[in-house]
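You will see subunit A twice below: alongside subunit B first, and alongside subunit C after that.
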Partner chain A sequence: MQNSTTRCILGMVGTDVHSKGLKIIAQVLRDEGFEVIYAGDHHTVDSIVSAAIQEDADLIGLSFSSTAYVDYTLEIVKALHERNADDIAVMIGGQIHPDDHKILYDGGVGGVFGPGFKMPDLFAFVRECGARRRAVNA
Partner chain B sequence: MNARTEVSEAQASEPRGEVVSLRPTEAPQPAKSHMGHIENLELKIKRTETNSGLETQAFYGPGDVKIDYERDLGDPGTYPYTRGGYPQMYRSRMWTLRNIVGYGAPEDTRDGWEKTLAAGGTGLDTVVDSLTQHATDPDHPAFYKEVGLEGVSLPTVRDVQILTKGIDPTKVDIAWHWAILSYPMAAAAAIRDGYDLAKLQGSNMPDYLKLNISGYSDLMPPEMGHKVLIDLLETTCLTSPKWASGFPQGYDYREAGATAHTELGVFFAIVIKTLEDLTARGKVTVDDIAPRLAWVSSSDIDFFEEIAKFRAMRRMWARIMKERFGAKDPRSMRLRVACHTSGRSLVYKQPLNNLARVAIESVAALLGGVQSLEACTYDEPVSVPTQEARELATRTQQIIAEEVGAARVADPLGGSWYIEALTDKVEAEAYKIMDQIEEQGGILKAITSGWVEGLVDKYNFELHKQLENKERIIIGLNDFVPDDDPPTRRFSFDRTNVEKHVRRFAELKQQRDNAVLNERIRTLYTTAKSGQNATWAMIDALLADGSIGEVWGTVRMAHGHSYDLFRAIETPFDLKGL
Partner chain C sequence: MDVRETARLISRVESGDEAVRDRVKALYRQGGRARIVGISGPPGAGKSTLVDQLIERYRARGLRVAIVAIDPSSPFSGGAVLGDRVRMARHATDRGVFIRSLAARGALGGLTAATGDVLAILDAAGWDIILLETVGVGQNEVEVMRIVPAVLLVQNPGDGDAVQSVKAGTLEIAHIFAVNKADMAGADKVARNLQEMIAHKARQTSEGWEEPVLLTEASNGRGMDELVAAIDARFAFLDANPDLARREEKTRLQARIKELVTQHIHRRIATSVKNGGMADLLDAVADRVQDPHSVAETLFRDITA
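Entry: the complex of A and B
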């Protein structure tokens, strides 16, 4: 069934326990009308990618407080590519340092929502991800 | 496995043209003019509630407080210890000035310790990396990247020995910011180095139940956590009477979003349940255990509320120990508090503002009468502390000690009508939380059902809405957010030692006597499974060079859970027939 709203899966990878920000984002996105699957924390790269594919998500949203986010995120992008799931966009948030934006965007991350991001920008991005994926898969 | 190679391959792959990219391409905005608002520029008060949402009055007077000095306050060092644990407070003993140092391999953190002491720290303190916090080994297939990132990697007793080489743990107390297996590891290292456990000093943070309400997922199922903790406290108390167990540990739950009174309510419920079940066993009395505990708390940004919280905490503790548990020893009733200032109150943008925040939070803790203090570094939101930031955090405490006069008079705000009224109010709200927990069927049920963790979700969402519609202002977060803040310098360190450390770990697993270890693991499994106190069996397994992942995995299995929290590995040991 085709919904006209973005379906996004939110989760955390690794041993990072700082999940409160992501829980708020889950609620905020739901209130904005998006479909949110809250996959929770303590995922591996493999398990979050599998979940995203299984859930037919338009978008994976990852939150990081730990400093391994560049490695993890680019591994996730790579895993999506290897599993022919390039149409699933990736966005990340949390303690993302501006010095890392370039390597993230170059590595295929679609949206970086580090400290100071604006909610309307997030909503616009999430909306666009759903629209693009539906257009691609139509 | 080389994570770096995989990363460069990803970078070299095709750009993902179909998906949306938010790479910024905007032109810079012209500066705004404020001349239009010039008649309306004054700051207006936004909030009259405390940080935790308690309403306050415009002023307080004698009519607002009904205090019986002897019954409700007492002098400092006198029951119910509201005004402080000691008669002379900091005149007789200054608070311990600690800085957390923890990163990389044991050698790296040892180097950090040396530098910190050279810069004026007066206590040794470390935090373990998140893998070690999760009792997960550095060779776990999924998490190599995180070894040594946010703390020191300590998977075996030999690593503790490297970190503490030459330090006599019967003379120097090290604060271990670490829950699972921290005492067993310290004890095993002391045994190996030939020290008498009866004289062992140090502290840890073994509050296992709090792991369930601060984001640690299934790492510590509540029933298991409760049992293992009671075993641990019993063993620690009987074996190492000078060891201080940092229990309860309210810090992480506060940082996850709990209010001041919720911290008190939830953790008093945990303390009561733990001590009831511990003393019921008959080996340890309340007067054996209570003097050996210390409450680990935060100091958040609401200056007055935090002071009130510390005072209410001590009063509640004294009364509960005396009235509920029949404590006779004054040291059971006199609570010691270890404080780390709040990390979550700090702001990422314009981080130098955090120097002011941390200074105020530190003064609040001292006016609140804490026994040890770790001040956050200003770069806490950005990265693991840089050496420069750690030095400034030390200087903040030293300025407070030497210049501000915060140490010379005990409980200086005692008798303030506001502070006494607020102390009463925080205490009353805490008791309401305890009543709500009782209505749920007790603390284990309230944790297992998710109710306790749900409280912080609720509070966080309210805070989020308040920030979004500017009912509540946090400078640099939702007002005066700098557009052109230069990125803060991050802590970094050479990973060479970490790589050697991980190789050394792999070699140890080959070179140790695996037959002996297997026997110890089998003993640990049967002991834990039978419901006996398995703490010594854990120490014995560690002494046979068992790793934390192996030891804790075995304990988990004995309690009916998966060996590995992430279900990626199975036990390598032979447990046939058990």
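Entry: the complex of A and C
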């Protein structure tokens, strides 16, 4: 029985502790039919990437309320590449400034969901990440 | 098999991908080394915190530890929030620890089969200890413990839970009992209740094995050395009684194989239904020309032909 579900790991890096948004996204994604691995806060680049690989996640979702998101996110994209896990997409949300969108997308981030984002767009992106990985692995 | 390959294989097994079945068959034959411990209990009992402590102790012995943490899927959306690994986060960068979260995916009883395969993969991949954690809320989550040789049941100190464990049937499955959060009021009472219920069980979980009831405080490590010793003792008991160990192993395998056969039948029926195989038969039954039993017998003959 083919029974695939898109798996998304959600977490926060650094000392950021404002995890309420992350918890809400976790529930919302669950109610939309996705499997969310809730990895919590206080992650390092190594720990969140290691977790994503162990969980064979289709994508990593990061939430930021601090301003260091560009550095952290691009490091995570780089670490995924170094560990041969480029097929795991990266999306970020939270206090993301529109001026930073270009550097993020150019740096390999797949989805940016800053203030005012629309839920249907988020769902479509998550679904697409799962579908893409399944097509590759088929 | 590196971590990434292990993780991807687990995903394929989870999604029922038949293409990897030959691989899984071979891996099963290569296994048999790992010590597998099941940990179950009601939500909020502190299982994940306890597992976190067990990881620390096993790592101190130089053992490589894999954890499979199963959580229920939402019956409405089919999705899930898998939040067990958060409590073991401090081990996230330890290359000697592998943590995998699985959703029960409304398993239709297929949880045991899929879990069996995941355990076989991890065993063959060389993990020394495999901890299987489930929340004892549904029948499936309790049933899956039948395939594991050492089962630990973790209880809350609150009163009602002692009765709960009798209802859920976990009393018959567990080899070791831990009343966690033992610093809270009522813990001693729950421990004594459990001891009484164990003494009055119709049969022991494992013949000749005395089931210990321990008091633990996973959040600060109290009672954890005793718990590790009890798990060691369980495996020592099996090693010292090879005939019994083998009998129990065969019983466990029987449960897995029965479920695999059932899955095959489910798959065939699903295919048959999809191909319109049942359509005419259903009309006949609705018209009372045929009856459900006869149709089921015909269908069974067809799919097993």
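The rule is short, and it goes like this: the second predicted complex is superposed on the first by the 135 of 138 C-alpha atoms of A that agree within 3 Å, B and C clash if a C-alpha of one lies under 4 Å from a C-alpha of the other, contacts with A are read in each partner's own complex, and residues count from 1 in each chain.
Note that a contact is a pair of C-beta atoms (placed from the backbone, for glycine too) under 8 Å apart; a residue touches a chain by one contact, two chains touch by 3 or more.
Treat the numbers as computed from the prediction; the structure is a model and nothing was measured.
Engineer: Following the superposition defined at the top, how do subunit B and subunit C come out on subunit A, clash or fit?
Structural biologist: fit
Engineer: Regarding the shared-chain residue A:S4, is it in contact with subunit B (first), subunit C (second), both, or neither?
Structural biologist: In the superposed model, A:S4 contacts subunit C only, not subunit B.
Engineer: A:R30 contacts which: subunit B (first), subunit C (second), both, neither?
Structural biologist: Second partner only, subunit C.
Engineer: Should A:T44 be classified as contacting the first partner (subunit B), the second (subunit C), both, or neither?
Structural biologist: Both: A:T44 reaches subunit B and subunit C.
Engineer: Thinking of the overlay built on chain A, is A:D86 touched by subunit B (first), by subunit C (second), by both, or by neither?
Structural biologist: Only subunit B is touched by A:D86; subunit C is not.
Engineer: Thinking of the overlay built on chain A, is A:P98 touched by subunit B (first), by subunit C (second), by both, or by neither?
Structural biologist: So A:P98 only meets subunit B here.
Engineer: Angle subunit B-subunit A-subunit C between C-alpha centres, in steps of 10 degrees?
Structural biologist: So the C-alpha centres give an angle of 100 degrees.
Engineer: For A:D56, select first, second, both or neither according to whether it touches subunit B, subunit C, the two together, or no partner.
Structural biologist: Only subunit C is touched by A:D56; subunit B is not.
Engineer: Mind working out whether A:N137 is in touch with subunit B, subunit C, both or neither, as first, second, both or neither?
Structural biologist: Only subunit C is touched by A:N137; subunit B is not.
Engineer: Once both complexes sit on top of each other, what is the least C-alpha distance from subunit B to subunit C, rounded to whole angstrom?
Structural biologist: Between subunit B and subunit C, the minimum C-alpha distance equals 6 Å.
Engineer: Quick check on my understanding: which residues of subunit A belong to both its subunit B contact set and its subunit C contact set?
Structural biologist: Of subunit A, residues 27, 40, 42, 44, 46 contact subunit B in one complex and subunit C in the other.
Engineer: Report the residues of subunit A in contact with subunit B in the complex, numbered from low to high.
Structural biologist: Where subunit A meets subunit B, its residues are 14-20, 23-24, 27-28, 40-42, 44-46, 66-68, 70-72, 74-75, 77-78, 81, 86-87, 89-90, 95, 97-99, 101, 103, 105-108, 110-112, 115-116, 119, 121, 125, 128-129, 132, 136.
Engineer: If you look only at subunit A, which of its residues touch subunit C in the complex?
Structural biologist: Touching subunit C from subunit A are residues 1-5, 7, 26-27, 29-40, 42-44, 46-48, 50-51, 53-56, 83-85, 137.
Engineer: Report the residues of subunit C in contact with subunit A in the complex, numbered from low to high.
Structural biologist: 3-4, 7-8, 10-12, 14-17, 73-74, 76-83, 85-86, 89, 92-93, 98-101, 103, 105, 110, 263, 266-267, 270
Engineer: In their shared complex, at which residues does subunit B touch subunit A?
Structural biologist: 3, 6-7, 9-11, 13, 15-16, 18-24, 130-131, 133-134, 136, 142-143, 145-146, 149-150, 214-218, 256-257, 348-349, 381-384, 456-457, 460-461, 464, 468, 477, 481, 487-488, 490, 565-566, 568
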